[in-house]
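Below is one structure, written out as structure tokens, with a few remarks after it.
The letters A, B, C, D, E and F name the chains in turn, as written, and every chain counts its residues from 1.
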């Protein structure tokens, strides 16, 4: 999420930079898995409400697929806006 | 949850296996405590709604006890089903 | 939260006490940041519902400020009560 | 594993002791946070008409904390009794 | 980095292997917990009139677990296919 | 503890610096996740009639992110001012 945090470590020995980078990598993997888990929970909760059988209905599958796609697009958009704000790139009010 | 993950470590030295086992143990303890915390929150939220005194009403106690027992039985059942699915033991659709 | 846990470490070497204290410090910092994040989420959720523009309305700002102040006062009160209970200082039922 | 004059139980390494202490503290922090969030939801008026907690909110909070604590103990008892108390 | 006769993939240190194993287990634990919470909410009657799960609740739980598992797989497939399948 | 020509503030060990960096990153990740979840709930239609975000949803998301960011700043200011500003 924040690779340029490494910039602050300019003076650090190579070994520490690598440790830092590996810490960031692991945090990102953990975060992706968490995001994945929360996406599944949300789309399941919103789309599945019939427990009269064990398999998904066609309509539930469609709902889950759309939900997941919307969620991913939403995440990307939020990520872009979030990055802009982090860099102080404010735009006029509207 | 997944002691047989250790199977994949066949070739590892004894010391690493022990470290792995201790990591799994700690994860399981943390998970039980989390489960305990979430059980308490859920049963409190569902059963307690009267704040005119500090102690539990008999009826609230009964509700909490039943809620906790149902939650534990539910967790065990889910655990069994989850394990079956993890092992690919699918059963006919119904 | 629980500096007196250090009491149980009476017999430990100085080095371990320091490690323990630093662990507690870090846990407290992480906890404050989590609390901060959950406060922001709650006050945003309760106070902001109009997405026709990018900036906060005066009325939303007031709501958020009050919400945050109430939340902090609430946290302090809960902290006091929680500490009393932890020390077994029960008071008469009312 | 070594001549043991430490306060640790036999068979517990120092690493494990630190791990257990950390787990225990994380548990307490989570208990506190859940209790706090739950009692805020149950007791505090979401319209936020003022920045002070009023008397009703304050006494609701005190009782809520007390009851949450009791529920926590009740469930703990059940679990340590095997969790399977017939009823 | 050293003569390698370990079962680890090339370029992966032992620390990283432990880190990955831990992350993987945390993921499974979280999946299980979310599934369990969600199916409890969907299937169990909140009035708690008895301490047993009744037949309706039990079969609801079985199906809920199955469907959650399928949804998990469906989303996983989507993501590994690039997540951007046009539709 | 050693002749110090490192970029770390005095009295901070390397372990602590790594710990703080990790805590800071975890904070940002959690902020992002809560913001994202909250804005999804506020802006996206739960009926999922299509897999694209429509124009209304997109502009709602942009404004929601902006407002969440402002609320985050507002609360941060309050807290650093002592959190007890009379009102």
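FYI, contacts are C-beta pairs under 8 Å (C-beta built on N, C-alpha and C of every residue); 3 or more make two chains touch, one makes a residue touch a chain.
Quick caveat, the model's predicted, so the values are computed rather than measured.
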Option in C-F, C-D or A-F whose residue-number contact pairs overlap A-E by over half
C-F
Outermost chain relative to chain B, judged by CA means, is F
Using mean Cα positions as chain centres, tell me which chain lies farthest from chain D.
A
Centre to centre, by mean C-alpha position, how many angstrom separate chain B and chain C?
26
List, in ascending order, every residue of chain E touching at least 2 other chains.
26, 35, 43, 51, 62, 66, 87
So which stretches of chain C touch two or more other chains?
34, 38, 47, 53-55, 65-66, 69
Residues of chain F that touch chain A when the two form their complex
6-7, 14, 18, 21-22, 24-26, 28-29, 32-33, 35-37, 39-40, 43-44, 46, 48-53, 57-58, 61-62, 65-66, 69
Using the touch rule from the top, collect the residues of chain F that touch chain C in their complex.
16, 19-20, 23, 26-27, 30-31, 34-35, 38, 42-43, 59-60, 62-64, 66-68, 70-72, 74-76, 78-79, 83-85, 87
Quick check on the complex: what are the chain B residues that touch chain D?
22, 26, 29-30, 33-34, 36-41, 43-45, 47-49, 51-56, 60-61, 64-66, 68-69, 72
Contacting residues of chain C [partner chain D, same complex]:
1-2, 5, 8-12, 16, 19-20, 23-24, 27, 31, 34-35, 38, 42, 46-47, 63, 65-67, 69-71, 73-75, 77-79, 81-82, 85
